[in-house]
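Presented sequentially are two complexes of subunit A, the first with subunit B as partner and the second with subunit C.
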Partner chain A sequence: MNSYYSVAYMAVFLPLTILAYQLMPVRKRWLVLLAASYFFFYAISGKLVVFVILSSLSIHHFGLWLEHIDHQEETRKIRMKQKRKVLLFAILLHMGLLVVLKYMPFFLSNLNQLAAVMGLSISWSVSRYALPIGLSFYTLQAVSYMVDVYRGQQKADPHLGRICLYLAFFPQIMEGPIARYRRTADQLYAGRTITYTQLTFGIQRILYGFFKKMVIADRLNPLVKAIFTNYTDYAGEMILLGALAFTLQLYMEFSGTMDVVIGTAEIFGIHLPENFRQPFFSKSISEFWKRWHISLGTWFKDYVFYPVAMSSWSKKLTVRARKKIGPLYGPILCSAFALLAVWIGNGFWHGTGWNFLFFGLYHFTLIFLGSLILPVTRKWSAKWRIDRNHWLYQSWQLVRTFILVCIGELFFHANGLWAGLQMFGRILTTTSLASFQDGTLFSQGLDAQDFIIVLLSLGIVLWVSIQKERQVSIRQMIAAKPIPIRWACYYTLILMIIIFGAYGYGYIPVDPMYANF
Partner chain B sequence: MKYLKIIGRIGLFSLIFAVILYYLSWVFIPKNNLDQAGMRDVSANGILSEKKETIDVLILGDSEAYSSIIPMEMYEKYGFTSYVLATPGQPLYYTKTLLDRTLQTQKPQLVVLETNAIYRSFQPFSPLAEEARKVFPIFEYHDRWKSLRVEDFSLDIHYTYNNVMKGYRFNNNVQAVTSLDSYMKETDQAQIIPKINLLFLNMIIDTCEKAEIPVLLLSTPSPVNWNMGKHLAVADYARDKGLTYVDLNLQDLETPIDWKMDTRDAGDHLNDAGALKVTHFLGNYLYDHFSLPDHRQDKDYLSWKESLSLYHQMVDENRKKMKQ
Partner chain C sequence: MEKIIAILKEIQPDLDTDSKRLIDDQYLDSLSILSLVAELEDAFDVMIPAVEITAKNFNSVEGIYQLVERLKEED
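And now, the complex of A and B:
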């Protein structure tokens, strides 16, 4: 059992968990979920399960400590000071562990390189540690709980089991979404009885996730792998295609996994936050990040952006900037500091490499420039009588955003920053239509029939996305049909996955893309 | 009542789905055992076109088996027929699948199990997926949607591939072994056979016992894959089960393996020269210890004679070149 797509998980683990959950008395159902979660964690990360257990014990303790300080008789100022110290210590402990396990090898190897360049005879030994699965996800959840308790937005939970389940809930441990305690903990603990509707709706969502992952993401894998591994062998048009294919693959894999995750939770009557909201319908990069990996974006907004932007020095700076630069650009320039902190964090959260930092800074630049030039473009549009609500203008915005996203993903997936720059350079300098005419296109692991299947499947996902954008629930729509039509829909979807899925002999499935973050 | 209704509905849904899947499996299954027809593991699946009950010795195993044993050489010298039912990296649960399927059409007088697969690890739930593929072959052949023809919907299967090598895979590359220092180094520590492997090994032996077919355990020479610990464990197992075990890593062959010349990949697998030496020993051993029939003058086995001539056409020229 190594992912949500394995036979062991889908055919054995999940059905047995559902059965055990349903048979257990309501009050003890959370124990089934917790046992299943630790078993799942252990099956993938072995003894490293101890990390998530220790993290749970730790936030349980720190939460109670923070609340205990609140009940002391000192003045508010003293209490806040004490709480700040405790919180800082707790965050350093959790983030420190993340940094040591995940980032230390990266920082040390760069320090060694820097020392070598400077001619210093210093060298730190670089040890790589085995990472427990989902470390970056549950650490952020742990921090959010402690900060919420500190802020008084969340009462410290004395129930250790509920906290353990919040950090380790098996459907979300691998790739999120990054949940908040106040919205999920009670649901996890409630032990709601599984109903027929929950079961069927959950399974439908899981199947749709399988469709996205196995029919599209896995089928695109050979093409993406070939181009990103041997990019020097390809002309610009193929690299462009590779960037496009990777962007779609990433979306299909990640959002598909989210469908599996959210669908699984739905079976148990638990509503996890959505992580995607049709991101390719965004008209700007800023909007894109409100629709893509939403739970990460809101985490950074709540726990990095606001604390930096609302800090006393930032407020003072804004007042001064407002006076010197003006009421429009002053606050924008000041908020750039908070924005920069968010995007450096976002970049590094995704991985240890300069290309990830570049990825973060790239999006920071686009969002910052976007907010800077927005007043200007609005002015020009009014001057030249361009209707910004016209479908043609909005289409241009969609295409522009999509292209910018694809460029970002090219750097994200490239084998290092230098490789990313070289790939981008090849797009600018060697692009023609030659590879689409000389047979290169169909000799990279995907033949014409594969491309047709990918395009048709993308068409289905596009149609579903349009319906979602119009607030039409397809599951409700299908559920309202008579049984023969309903079942025909389900059979069609399952058979499409079985027949057109890229699995089995000759296929290498895509590893869960966000599982190592 | 409400629960019964739900269970009934789920049951009916599953039943209809199973019927659809079963029919589609017939559509997707290759209608011939040729590579062009989409058949997997054509070398092993060549046995599907062998005449009913014509194989005397069934040889099971992984790449060690198909690299080391040449059925046509044994037929030419002793007259008994054999087939190497081996695939690359074969896990034991797949060995069991192939054995079960083959015993539906063949009645071998002996089963030879090459032992390397006994130690091949696999995921505990892989046999479950194998069972699903067995019941619904669409899971294995789903990718044939690209090459489906009208004939596929007729469900008419006709196997025509005549594998003249009978499962042996000719390879005359040479890459010498660099060190034999640890090869079959003395130890008294048996290397435990993983429990799940033992389960499937027992199932294979039981199947043969039920069909009254004796089993010979055979370890072909391989410094990379075999060691004394494995030898001891397999020898213990053979003793417990009352099976014959021959370990060619310890046995003196008439012409010993030259680890500079007789391996294609530095001691992982034998090449053709090594296979000839193993086959020479094995043919002689089987002839001496098992009363196997001689079909060389048998009219029902004319196809084997034709195959023998084709086999020589295919390999003799290459062997001559190697000798030069």
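And now, the complex of A and C:
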């Protein structure tokens, strides 16, 4: 059992957990979820399960400590000062562990390189540590709980079990979504009885996730692997195709896994936050990040962007800038510090490599320039009488955003920053239509039939996305149909996964892309 | 209330000030919020801490008004 797509997980672990949960008295059902979560964690990370247990004990203790300070008879100012110290210590402890385990090898190997360049005879030994699954996800959840208690937005929970389940809940431990305590903890603990609707809706969503992952993401894998591994063998048009294929693959894998995760939680009557909202319908990069990996974006907004942008020095700077530069550009320029902090954090959160930092800075630049240019483009549109709501203008915005996203993903997936730059350079200098005419296109692990399957499947996902964008619930639509039509829909989806899914001999399924973050 | 509506209109001219979902429907993004906070602090002589940046406080003109009134009282 190494992922949500393994036979052991879907055919044995999940059904047994559902059965045990339903048979258990309501008040003890949370224990089944907790035991299943630690078992799942242990099955993948072995003894490293101790990390998530220690983190739970730690935030339980720090939460109560922060609340205890609030009940002391000191003045508010002194209490806040004490709370700030405790919170700082708690965050350093949790983030410090993340940095040591995940980022230390990267920093040390770069320091060694720097020392060598400067001719210094210093060298630090670089040891790589085994990482527990979901470390980056549950650490952010742990920090959000402690900050919310510090801010008074969340009461410290004296119930250790509820906190343990919040950090380790098995469907979300590998790839999120990054949930908030006040919205999930009670649901996890409630032990709601599984109903027929919950079960069928949950299974439908899981199946749709399987479809995205196994029919599209896994099928695209050979092409993406070939191009990103041996990019020097390919001309610009193939690298462009690789960037496009990877962007779609990443979306299908990650959003498909979110369907599996959210669908699984739905079976238990737990509503986890959505992580995607049709991101490729975005008209700007700023909008894209409100629709892509939403729970990470809102985490950075609440715990990095606003605290930095609303700090007293930043506010003073904003007031001065508004007077000197104007009410429009003053706040935009001042918010650049906060935005930069967010995107450096976002880049490094995704991985240890300069290409990830580049990925963060690339999006920072696009969002920052976008907000600077927006007033100018609005003015020009009015001057030249361009209707910004016209479908043609909006289509151009969609295409432009999609291209910019694909370029970002090229650097994200490239084997290092230098490889990313070289690949981008090849797109600019060696692109023609030659590879599409000389047979190269269909000899990279995907033949014409594979391309047709991928395109048809993408068409289905596009149709579903359009319905979602129009606020149409497809599951409710199907549920309202007569039984024969309803079951025909289910069987069609199951058969499509069985027939068109890229699995078995000769196929290498794509690794869970966000599981190692 | 009129003062708040005027500030909102200055920051975002096409804003529907009758909306009760300014945040939820993404009429106000992070940058608009920062400009709004700076303007509100200036106009009403209050300090708005980061912890008050919630959908509840900024979803409607009424919510913003109540936030400002509360912060004025706390001062």
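The rule is short, and it goes like this: the second predicted complex is superposed on the first by the 517 of 517 C-alpha atoms of A that agree within 3 Å, B and C clash if a C-alpha of one lies under 4 Å from a C-alpha of the other, contacts with A are read in each partner's own complex, and residues count from 1 in each chain.
Operating definition for what follows: contacts are C-beta pairs under 8 Å (C-beta built on N, C-alpha and C of every residue); 3 or more make two chains touch, one makes a residue touch a chain.
Keep in mind the model is a prediction, meaning the values are calculated, not measured.
Colleague: Putting subunit B and subunit C onto subunit A via the overlay, clash or fit?
Modeller: Result for subunit B and subunit C: fit.
Colleague: Regarding the shared-chain residue A:Phe89, is it in contact with subunit B (first), subunit C (second), both, or neither?
Modeller: neither
Colleague: Which partner does A:Trp380 contact after superposing on A: first (subunit B), second (subunit C), both, neither?
Modeller: neither
Colleague: In the superposed arrangement, which partner chain does A:Pro327 touch: subunit B (first), subunit C (second), both, or neither?
Modeller: Second partner only.
Colleague: Once chain A of both complexes is superposed, is A:Trp396 in touch with subunit B (first), subunit C (second), both, or neither?
Modeller: The answer is neither, since A:Trp396 touches no partner chain.
Colleague: Can A:Ala8 be said to touch subunit B (first), subunit C (second), both, or neither?
Modeller: Only subunit B is touched by A:Ala8; subunit C is not.
Colleague: For A:Phe500, is the partner it touches subunit B (first), subunit C (second), both, or none of the two (neither)?
Modeller: After superposition on chain A, A:Phe500 lies in contact with subunit B alone.
Colleague: At the CA centre of subunit A, how far apart in angle are the CA centres of subunit B and subunit C, to the nearest 10 degrees?
Modeller: 170
Colleague: Between subunit B and subunit C, once the two complexes are placed on the common chain, what is the minimum CA to CA distance in Å?
Modeller: Nearest C-alpha atoms of the two chains are 38 Å apart.
Colleague: Which parts of subunit A are in contact with subunit B and also with subunit C?
Modeller: The overlap between the subunit B and subunit C interfaces on subunit A is empty, containing no residue.
Colleague: Which residues of subunit C touch subunit A in their complex?
Modeller: Against subunit A, subunit C makes touches at 10-11, 26, 29-31, 34-35, 37-39, 41-42, 48-51, 53-54.
Colleague: Note which residues of subunit B are touching subunit A in the complex, please.
Modeller: Going through subunit B, the ones touching subunit A are 6, 13, 16-17, 20-21, 24, 28, 40, 123-126, 128-129, 132, 138-140, 142-143, 145-146.
Colleague: If we count contacts the way the header does, which residues on subunit A are in touch with subunit C in the complex?
Modeller: Those residues of subunit A that touch subunit C are 151-153, 286, 290, 301-302, 305-307, 309-311, 315, 318-319, 322, 327-328, 331-332, 334-335, 371.
Colleague: Which positions of subunit A touch subunit B when the two form their complex?
Modeller: Of all residues in subunit A, those touching subunit B are 1, 6-8, 11-12, 196, 447, 449, 487, 490-491, 494-495, 498-501, 503-506.
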